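Each of the next two complexes has chain A plus one other chain: chain B in the first, chain C in the second.
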Partner chain A sequence: MTVSPESGAPDVLVIGAGPAGVEAALAASAAGLRVVLVDEAAAAGGQVYRAAPRSFTGMTATPESRLGDDLRRRLAESAVETHFGHLVWSVSLGFRVDALAEGGPVSWSARRLVVASGAQERVVPFPGWTLPGVIGLAGATILLKSQHMLPGRRTLVAGQGPLLLAVAIGILKAGGEVAGVVDLASRGEWLATGAALLSRPDLAARGAGWVAQLHRRGVPLLYRQAIRRATARGDDIEVTVGPVERTGGPARGRERNFTVDAVAAGNGLTASTDVTRLLRAEHVFNEARGGWMPQVDAEFRTSVDGLFAVGDGAGIAGAAAAALHGRLVGLAIARELGALAPADHATQSASLRRSARRAGQFGAAMAGLMALRPGQVAGIAPEAVVCRCEDVTRREIDAACAEGVRSANQLKAWTRCGMGPCQGRICGDIASALVARHAGTEPRAGMFTGRTPFRPLPVAQLIKPVDYAELELPPPAPL
Partner chain B sequence: MNESQPAAPGRCGLREAAVRRGAPVRFTFENRVVEAYEGESLAAALLAAGWSALRDSPNGQQARGAFCWMGLCQECIVVVDGIRQPACRTACRAGLVVRKGTIG
Partner chain C sequence: MSSSAPSFDVAVIGAGAMGATAALHLARGGQRVALIDRGEICRQASGVNAGTLTLHMTRAALIPYAIRGRELWMDAVNWLGMDVGARAAPGLSLAFTEAEREMLEKRAAARTAMGAPIRLITPTEALAIEPGLNPSMIAAAFCELDGHVTAYLTGRAYRKALVAAGAGVFENTPVTGIAPEAGRYVIRHQDGGRTVARRLVLAGGVWLETMLGWLGIAVPIKCLVNQLIVTERMAPVMRSVVSIANGLLSLKQFENGTVLIGGGWQGLGDPVRGGVEAIPANLMGNVQLARHALPALGESRIVRIWLGLESESPDAMPIIGQLPGLDEAYVIGCVHSGYTSAPYMGQLLAERMLGNEPEMPLFDPARLIGKLEDTH
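Moving on, here comes the complex of A and B:
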């Protein structure tokens, strides 16, 4: 294993180059600290401002692409040392961060570690969600805005939260067909977010415009409905959709079938907690902000000394809030390490806090629409696969709970749920929620313990030829 | 489809027409030639060519394809020149030999 050859250890290492991570890095760097920023993608932006490949031209600019371009420009003009295409696979206290790049393994040590690993998507399982052609809503946004490709010729868009409209409009703009938009929320629930939407009139107006556009194009908008099941029909997918209760569980009523070649389904975002779980930081459960998240103070310090978590990875608050919170973290670290006077820190962070509160309102309203509802978990069909890697069904999870499983980690041992190559990232929060139905509460059920490596890696890529003459041998033990 | 670009076989028309892509490249998937563009991810290029099933699940032997598109779910694992890796995180290059990621 090689230690980064660059001069000395950085003061701050930031994992994740989305809005939170970039702003944290920029603020700490502007104060004079040496900052290293690492991301597995080829460029900064995170998933929200993900850029198209460099070889692509002729894209239409959107508000998001402009924000992403601005973020990348400011980063390029800064003194932040960036490492893109670096997949972080392990982190240990101290802090040591191990990554894998095309050129081989790299590692760093840093006095402060900022985890800005963002959000990942939750998809509530239904029979047939494992069929090829059924993809996540967040995945569909990446296909559309980064690859500039449609998920299918005719796509059904289903789930909950603001991504529904964004994906449906993205498909229409790219020349595809939307068979329908199936929304768990009612029209009334969208209207009830009105007060929070006033804090971002630009986004509220765009959302209203999108709904009007879908109506004009004759796309059916089905409120308070959800996918019941999907079945393969030759090259196509037949999707059955039906009404749901306010709590998200299936309700009686007319079911409708759609024949499509792609389904984009997603039920909100959850914090990506791989690193904070691995380092055994305290976590709290807050359904309104995406479920499990690291516990942080007002400046995003976790319970582990020197470890910060910020952005959607510290609870879903949206990109605008993430950027402001990231700057607060950069300033806090600069003050801690003596690069920023306490008085300057106080003035600079006070104004950021005010803006962050406004941005947070909008994020909270969207996170509310994305929150998992109890009936959604209760209503998962027994035959639905929950753990995709190991093909573990809801029926098997319930059987294990009937035999006495009371925690998410016990469930692993009983059923192998969460033990496949994705390491429980996709099924983790649903598995915990299913166990919680037997254990009483989510905190009692807990979550899967974090483990390394964060991703399956070929061992051959992590090791280098060993020269035995160079190995330092410990002195022999006294006889 | 842009006239300067050759039509991909199979499920054509998934690429946004107004966007110009990198140089055309060819690679093979399961010994069949796939036409794609530099910069595209393998998963996207395979989808556009009509290949949405990229492997079978090891327990249920059910066909699987790209799902999260951001390197988390590992459903799009394929074997690229002998190394298992997610197709959504691999860029297309001329001459790649790609096989399904089914184990066993």
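Moving on, here comes the complex of A and C:
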């Protein structure tokens, strides 16, 4: 096994090369610290500024692609040591970070660890969400943005939050058909975000333009509606859509069927807490910012000494805020490690904080639209599969709760919910919310305990077959 | 006020397989039982261990207990009310070096002397039982009385059975102290509540040292932090339970296709923080050994690694019986590789407490007690 491919231990290791991680790395590096940045993707940018494959040329620039290119250029010009295509599978206190790369396992040790692992998409389960052809809004975004691929010929776009419009427009631009946009929010709820939108007039104007464009193309926009179920009909999918209450639960009213060959459905983002849970950092529950997130101070220190969590991985706040928060983290670490004078730190971080507050308003409004509503959880159909790795339904979860389950981890042991290859990443927050209905509150239900590996770890990549005599074995067990 | 606290015949503190079994039999025997745990039933060692039912890794002196324990697991539907995935499987212990062959022969002889049906077989015979094994082994031992249990399911089974038997189940109710008081034990809870009981069973696994300390009894209990590794579901690659003569590997494939790799490799943790994290070098060592024994594991992917805390007494033998100098206070725990015998050990203690002579001898705690203060 190789340890730290370049000589000397880094001062700071950053996991995740989205806007938060890159800005944290750049700020710490600019202060003279030795910084290592690791990401599983092939290039920096995270999900929001995901780079197109290198072989794709002549693509039209978008505001995101320009921001992403700028980020990647500044990173390339910096002294930050980057390791892309590296899958982090373990983090231990101290901090030691283990990753798999094409050449085999690699590990680093660093004095400070910054987790900028971003967000992951939540899908509120409905019967049929596991059918082939049903993908997440975030998945659809990756297909469109990075691979320039359509989810299908005719796609129904459903769920909640700003990705709805972005995906619908992306499909139209790429030449696909959008059967409809099904939005949990009402028109009024979108209008109510107006004040916050003023902090980002560029994005507000773009959103309004998108709505107008969908109207022009005759795409039905169904407000305060949600998917009831999806059923396979040969190669097609029949989707039943119906009205919902303000709280997100199903309401009486006319249902409508769409026949499509793809569905892009997503219900907002939630912080990716794999690393902070593994290291047993304190977490808090805040529905308006995506649910569970690590508890951090004003400079994004977690409850674990030397561990920082920033960006959407510390609560959904959006890309603009994430970048500014990342720089705050870089500066805070530079001051802690003596690379930045306290006075300089105070001046530089004060101005960043002001900008971050403005950017945060927009992020908070969007996070509000993406927040899970109580009726959505209550309204999940009994036959809907919640844990898609292990095929555990809502009905089975309720039965376990009726028998005495009061925590997410107990549910996992009793039903295998969250025990499959995704390790509960997909079902975790919904499973906790379902248990919370019996346990009383989300904090009482808790979250699945974090475990290594973060992703399924191929044995062949981790270890090579060795001669038995070379194995270093501990002393034998007693007779 | 203890006078208003709920009152029971017996309070069992610690809801692992041993405490929960004792509580179940006591409740069925007519005692009013409170089973109290700081977490949930069978969610520590009893719910996260490898579930191996094996005589190859059982301490020789405990073989008769393990044989009875294994029978109970296999029969769980009848006395526990739920199938906890107990399955019989051939047990194989392998030797890859001359030193291991010697160890294998010596250990097999000691265990056979205690009644384990273990016999030495040739590599060819071992390969006939388990074709996927590494043919470079030089010797093997076979035991027909092995198998495995799906440990994480046992909590659900015990809870249902305990509730049906009328036992009081108090999960997520940490205890902070116990005071003997006028012929009763007053149990103080973290939330300020109290439980009162005439009789007491301490069944706290690695937390036993702390629990005994509440009664002024000093017994050092070692905490092992055992690492467990599970693969994703894969096509059938084995049907037996495989170990190595040195005891550093346990390997089995469950009906759902996942392969569980154990063997007592250590991670980081302690009784206060629980199992904190795996040590990457130990993870790799354990997986190397597993892949060496069963080369098909080279095709697998590891899905999850976790840690379970195992308790060990100063002489690595169980501590089960009445505590000297105290009225009606009992302890049960520290059974090496104790999962196999756990339901039997719990049953034995309950028999004693119900006034019957246990089928096999208990393990007198007095031998380990260094300092006993008069708590009256």
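Assorted remarks:
Here is the rule we use: the second predicted complex is superposed on the first by the 461 of 479 C-alpha atoms of A that agree within 3 Å, B and C clash if a C-alpha of one lies under 4 Å from a C-alpha of the other, contacts with A are read in each partner's own complex, and residues count from 1 in each chain.
By definition in this document, a contact is a pair of C-beta atoms (placed from the backbone, for glycine too) under 8 Å apart; a residue touches a chain by one contact, two chains touch by 3 or more.
All of these numbers come straight from a predicted model, not from anything done at the bench.
In the superposed model, A:A9 makes contact with neither chain B nor chain C. By the touch criterion stated above, A:G420 is placed in contact with chain B and with chain C alike. Of the two partner chains, chain C is the only one that A:P476 touches; chain B does not reach it. In the superposition on chain A, A:P458 makes contact with both chain B and chain C.
In the superposed model, A:L203 makes contact with neither chain B nor chain C. Common to the chain B and chain C interfaces on chain A are residues 420-421, 456, 458. Residue ranges of chain C in contact with chain A, taken from their complex: 40, 42-43, 47, 57, 59-60, 96-97, 103, 106-107, 110, 136, 152-153, 155-156, 159-160, 163, 169, 171-172, 231-232, 245-248, 264-266, 268, 273, 276-280, 283-285, 287-289, 291-292, 295, 297-306, 316, 336-337. Of all residues in chain A, only 40, 47, 52-60, 120-121, 130-136, 138-140, 142-144, 147-153, 174-176, 261, 385, 388-391, 420-422, 425-426, 455-456, 458 touch chain B in the complex they form. On chain B, the positions that touch chain A within their shared complex are 11, 13-23, 37-41, 44, 47-48, 52-54, 57-60, 62-75, 77, 83-84, 89, 91.
Chain A contributes residues 1, 90, 92-93, 96, 98, 105, 107, 278-280, 400, 403-404, 406-407, 409-410, 412-414, 416, 419-421, 423, 451-453, 456-460, 462-463, 465-466, 468-469, 471-474, 476-479 to its touches with chain C in the complex.
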